[in-house]
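Have a look at the structure that comes next, please.
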Amino acid sequence: MLETDRIQLHKLVEEALPELDMMIGWTESCDPLQTTPVFIRDAKLISKLTLGPFCSQNLAGYLVKPPALESVPKDAKPIGICVKGCDSRSLVALIQEKFISRDRVRIFGIPCRGTIDWRKVAQRVGLSDVKSATVEDDFLVIDASGTTHRIGLEDVLARKCLGCRYPNPIIQDVLVGQVATPRSSSLETTYRDVDALDNKPIEERLAFWQSELDRCIRCYACRNACPLCVCQDKCIAETREPRWLTQRVGLPEKFLFHFIHAMHLAGRCTGCGECERVCPMDIPVTLIKEKLNKIMEEMLGYSAGLDPDGVPPLLTFNPGETEI
Amino acid sequence: MERTNTLSIQQSRDNDFIREVEEASGQTVSKCYQCGNCMASCVYTFAYDYPVTQIMRLTQLGQRDTVLGSSSIWLCANCQACTTRCPQNIDVAQVMETLRVMSRKANTVSQRDIRVFYDEFLRSVKTFGRVFETGLLPVYNLRTKRPFTDFDLAPRLMWKGKLSFLPARIKKRKKIAQIFEVIKRDRFSKDGKARPEPLSSQTDI
Amino acid sequence: MKRVAYYKGCSLEGLAVEYDRSTRIVCEAFGIELVEIPDWNCCGSTPAHSYDPLLSAALAGRNLAIAADNGCDMVMTPCPGCLKSLKGAQETCEDPQQRKAFVDLVGKDVDGLKTVSLLQLLYEEVGAEALQKAVQRPLTGHVLIPYYGCLLTRPAQKARFDDPENPISMDRLIEATGATAPDFPYKTECCGATYGVTRNDFVGRLGGRILDMAARLGGEAIVVACPLCQQNLDMRQKQINKYYKSAFNLPVPYISQIIGLALGIDPKVLGLNKLCVSPRVLLEDRTQPDQEAQRVGAAVKPGPNQPGGIAGGESIQPS
Amino acid sequence: MRIGVFVCNCGTNIAGTVDTKRVASEALSFADVVYATNYMYTCSEPGQQEIQRAIGEHGLQGVVVAACSPRMHEPTFRRAVEKAGLNRYMFEMANIREHVSWIGNDREANTQKAIDLVRMAVAKLRFNNPLFSSKMPVNKRLLVIGGGVAGIQAALDCADGGMDVVMVERKQYIGGKMAKLDKTFPTIDCSSCILGPKMVDVSQKENITLYAASEIESISGYIGNFTVQIRKKATYVNWEACTGCGLCTEKCPSKKAADYFNEGLGAARAINIPFPQAIPKKAAIDAQFCRQLNGKKCGVCAKVCPVQAVDFEMKDSIVTEQVGAIIVATGYDLFDHSAYGEYGAGRYPDVISGIQYERILSASGPYGGHIRRPSDGKEPKDIVFISCVGSRDASVGRPYCSGICCMYIAKQAILTRDHLPESNSYVFYMDIRSPGKNYDEFVRRAQEEYGVQYIRGRVGKIYPRGDRMVVQGADTLLGVQVEVEADLVVLATGVESSAGAGELAEKLRISYDQYGFYMESHPKLRPVETNTAGVYLAGACQGPKDIPSSVAQGSAAASKVQSLFAHDTIETNPQVALVNERTCISCGKCIQVCPFGAIQWKELRGGIKKAEVLPTVCQGCGVCNATCPPKAIQLQHATDNQILAEVNELCA
Amino acid sequence: MTDSSPRSSAPADQTAANTQGIKIVGFLCNWCSYGGADTAGVCRFKQPTDLRIVRIPCTGRMDPLFVAKSLIYGMDGVLVSGCHPRDCHYAVGNFYARRRMEALKLFLPFMGIDTRRFRYTWVSASEGQQWQKVVTEFSEEIHRLGPNPGVGPRSGENSKISNGLR
């Protein structure tokens, strides 16, 4: 089935490429558990495009960050891009905030059945010698060091995928493959991890974050990977003007940095999980944003990245809401 | 109660009294600005020794004895006219009620007959669980030495079949009596100002 | 069928049996099931409250607790005095400072119960419109004075029913029976019933004033919703006449009796024969337009109900 | 930076509970502080000279004064440092009086707090930059909202000064409440005789543009340059053509229209001119009662009108006016006594309000100036006046004193005796509030010369007995209940804020208190200013007021406008947002959130867009600053660095 | 009335020991609450002395990060106060603030920061008494909570939490 989808994608991109400035998609890498992004202008490379459970990276960020954006002249043809459900929400948010206009992108929507978290695989089978990896039904089948491992998919899917409510793209020009069934339809499932932490006493919550954030090395990978963190090198975590943070490495600095990241994404975060995926120190940074997403949903009934005409709730107001 | 015509404010002002009234009634007595609306609205003003407005004023001035010994607090029927119309949102009827409770505790009830009636009423409740109307009146008449009160009504009521000669008793009378006992035991412990009720002069329930 | 706990109170066992009887009949007629609270006890009334508010709360609260145990969420009492005690119990139970003492005495909390008077039940659960539709024997042509008494709607924050100064629920119900209800200025004035036994002169003065105003407005009867008001104005009407030097002869039926009459129920079943002042005048059929009907609303003819010797009814002098 | 710190003793106001000497000596240890001292009265002339001397002597580049609230004396000290050659924004204040010495008696805690506040001020000052105002032109046109006596006074004063005035009045006539009054206290002047000429002046002055039957739709802009949209409500009569001849009213068949001018005592025609002296003297149709407008066949007025002024198709229209200042004079309303169930809740015809009685007394009123009671037209013999109906009554949400009722009751009682010498007047009062020139004498005259019976106590209940009203009250001086049988009862209904006051305040961006009265800038020192520059208050919209005070306030507001208009330009506030183009990421969020539309895109070379602030439009709220993710837009004088500096001092 | 406050019912010495040096920062809008605090002062309404006020032009100026920063760096309490909704001098600044402050208030406890240490409120320039009430109640609350334990040691201080890489 995956193969059929891949052939359909190749065919669709082939048809579209002449009208496109460039196509952004995924391609296989040396690691069977991970794919890498590929930027295609040459039709010969189309066959390298792939999709599937190892395409975890959210490509939407490339539309507003180097190298893609800078290489595109203003009046250029649209850019083609592959998006999963969660990626499409980032795209919607970027369109909504006018970082990119809808007619500048040709969206190849890909229903997603969950992406594999390579860390979880590594914890089970070790990192070395993974020869091949495929998904068969609800299992991940790995050939490593001569042994075949069958691991339940639930055990190796990325955390964000387990509570996914939007596996299908919110917007697209063409859809590749069959529509997927959401794994979650309720706030309880989606925010299960948030609730689990919230149900602990406050001292334990503080201790949890102290121990997690203590590992933070402020490498800013989370920020750089976030498609909606648009400040990049102007980020106030680094500037002297104004000077919000020093280069000290105490816990307060680490907390404040993550507060900055979280508050800047409040009402904008689409929950794509990129920040957590790229964290070299294995800190559950998406969880922080998930809490704010939950607050926005419960307090203001707003989920980011669902409506291209919507306004992020902290950039607007409603005089009538007296109860908050 | 004799009317007071001169008053040394410092010597007679009892601040504890003001505090006790405010605590027990939940009302802020100092809010009263003596507009007179309670007095104007009260249908019993004609019978009071001090009209309600003056009861409020005397309370503001901490005149414990005058207030607790007044006839007004016992002639108030708790009809809520004062409370309904007070422009300062004071529950005046509640203040009067509080003063009655305090006056009972302090044993300064000015209207003996009313007290006797109330006592007999409660005794009836404590004994039977309900009020025995037919039995209540003769005892009251006896104790107040006014044997013919409402005597004129009896024949007619009898004829209408409204007088019963046996009290209605409830099953769990013990429970009711127990409530009375607990209340009686605890009612002085709350404010700490025990003024034990001498049982000789006035009976208790 | 609406299921309502029924707390009748001591009066309705004795001097106000007809109130009990007519209440049950009228509620049944409108499909309201009254569940009499088993083994209910006296609320303690004013004597309990002036002894210790907690005594009053506990006595009344015991009845509420039994009602809740019987699966009722609404308690109705026809007596406004009892209603005040029941509401007082609820208030005590909700007061964080007294809650423990209350629960200790009563055995449980009484949260979540709604307490209403008979009038409120009839007005809100049945309604004037439904009553009007159910009328079999319209009281058209009769002038009935709606008298609510002092406690039924006051104080407003606690009663939470109708207007404290100018209630209209009984007016509307009376009008639904076809009768006329004049704008009675003493709707909520106290009748002095508390002092029926101890201060008979109060009754003469206060009751007389109410009867006087009712007569001035051409009333044929004073409709009440309180057993104490009824006893005071009816049973003691002779005493009042003596004090007031008047000759009032105004029947004082309960609102439940008036509604029962309009529903076509036998007056005897409603206990109208138990009233001291004969209510015969209410049984006249005036639905046919004749001279009697013109009396309604017209200037009042001098009659037996005119006030006697005291001009203006009352005089006030500095005491 | 070289910083000087001046700690004010404010006599004993501060020094009483703060060790100012210690505050000053501690301040010397703060970074950049090179001079610190305490002084008796820093705001005094010698105090200011001391600052100026220190600036010169110690080469100070910034000054901190620890004294009272900056809302009080910040302008004073800014001027002082400016005189000594510093930029006025190189100055900070630490509020150690209102926020320290006056709210606690613990000297040690107070001193410690004062030291902290000074430390914070110094820390902020280190990030201050000199700021410079620019000038912008002033549009010397005034908008007066409300055509009562206060608005009229303000408009005439400014028009006399040669300014253009636009007056907007919600009703179809000007004159306000005063136009309805018969006589005025304490002189018993005829109200229309003293107001009439002023109303005529308004209509005749060429530099006053009057929009009657109009309301404010929206207001934008800022001091010196407001744009106002005015909704002219459909009157169904072309006022350009209408001559006020009254023929239409005479022939109108709809004779039971509400008579608002006579407070419902009479009946009006559906098309009418409310009263003979009305300005503008133009007819208008009350759509609610007009037969034609309610789909019935009529159109009589259109037929009889000699100038064809009637226009049933008329719709509301919007006009736009440009002005430089606004005087709000929207007046008041009277409390609706239907809230008083015990007084019959408005259902007794012979229990009326004071303003209704005023119409009864008026010769141009519904009864031609003869005192009669509304129920049966009989001349009343016993009249009871009740004060404080909707005043000093927390139970109806009006705990304040209306200020005018005691006086108008006395006036009405006197006039009653003048009209009906055989009548008896009774006044139930709680206190008599008559603190004006000749006011108390007037009340005494009512009692001594006119025999008005004053009874000290409130009234509990009013009810009918026969054809008279029983007033059941109290005489608290005797401690007795009293009863008066009256033919007519007049309730002195109190003053409340004008209907719609809140909505207008929101359009004007001024604040109002919990009762809807507009807030002045300072209760004593800035009584006619609001916190929105260029918007002034006059009359009872700010609080209950009698005619003399309203007129005085109208003139006061006018003088404020004239001093504003005496300049061709005004200085802009330099405390506005400023974009750092190097760090602006062009996300446009500032543009999105700005409440004033003060930020726009600016295109740089290469087509790159950056945000740009229009300094004359920016009001300095800082929403953009709080919103900007890379903090590229900074509100000058409240920058992130400045606020962070203060916070950091505390966290240190 | 003051008798009921938990502060005065606790033994005096213990209260003092626990709560000396409590610091609360208040961000007050210039037009309403700062004026309200002035009014309270003019009326001599006594208040606890723990509060240090930062004057801001409008609560719309409030970046929630100012609050977060204060609490992370050890302020014991943060109070934000502005004009009543609909009364904003800048028309709508406090509407923005209301959402942002509420979001932060709900967010803080997730990160292990006691949300009771942060309060936002609306007090107008005329409400001196209300201001006194707000300050007194909030200060009492903070005193009950005691000093802010913070999120952990600053750099240079000895970290006891650091457990290296997992």
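A, B, C, D and E are the chain letters, set down in written order, and residue numbers restart from 1 in every chain.
The working rule: a contact is a pair of C-beta atoms (placed from the backbone, for glycine too) under 8 Å apart; a residue touches a chain by one contact, two chains touch by 3 or more.
Quantities reported herein were computed from a predicted structural model and do not represent experimental measurements.
Traced through touching neighbours, the fewest hops from chain B to chain E number 2. Listed by label, the chains touching chain A and chain C alike are D.
For the interfaces C-D and A-D, the C-beta contact count is higher for A-D. Comparing the CA-atom centres of all chains against that of chain E, the greatest distance is found for C.
When each chain is reduced to the average of its Cα atoms, B sits farthest from chain A.
Averaging Cα coordinates per chain places chain A and chain B 75 Å apart.
Averaging Cα coordinates per chain places chain B and chain D 51 Å apart. Distance between chain D and chain E, defined via averaged C-alpha coordinates, is recorded as 33 Å. In terms of their C-alpha centroids, the spacing between chain C and chain E amounts to 55 Å. Those residues of chain C in touch with two or more other chains are numbered 164-165, 316, 319.
Residue positions 342, 461, 479-482, 593, 627, 640, 644 of chain D are each in touch with at least two other chains.
Shared interface positions of chain E, i.e. residues touching 2 or more other chains, are given as 63, 69, 73-74, 86, 92, 96, 100. The complete set of chain-chain contacts reads A-D, A-E, B-C, B-D, C-D, D-E. For chain A in complex with chain D, the residues that touch the partner chain are 74, 97-99, 230-232, 234-236, 239, 241-244, 264, 311, 314-316.
On chain E, the positions that touch chain A within their shared complex are 63-65, 68-69, 72-74, 85-86, 92, 95-96, 98-100, 102-104, 106-107, 109-114, 149-157, 159, 161-166. Only residues 23, 25, 30-32, 34-35, 37-38, 40-42, 44-49, 51-58, 60-63, 66, 69-70, 73-75, 83, 86-93, 96, 100, 124-126, 132 of chain E touch chain D when the two sit together in their complex. By the touch criterion given at the top, residues 340-342, 344-345, 347, 461, 463-466, 478-483, 485 of chain D touch chain C in their complex. On chain A, the positions that touch chain E within their shared complex are 194, 197-198, 202-203, 205-211, 214-215, 244, 248-253, 255-256, 259-260, 262-263, 266-267, 281-282, 288, 291-292, 295-296, 299-300, 313-314, 317-319, 321-322, 324.
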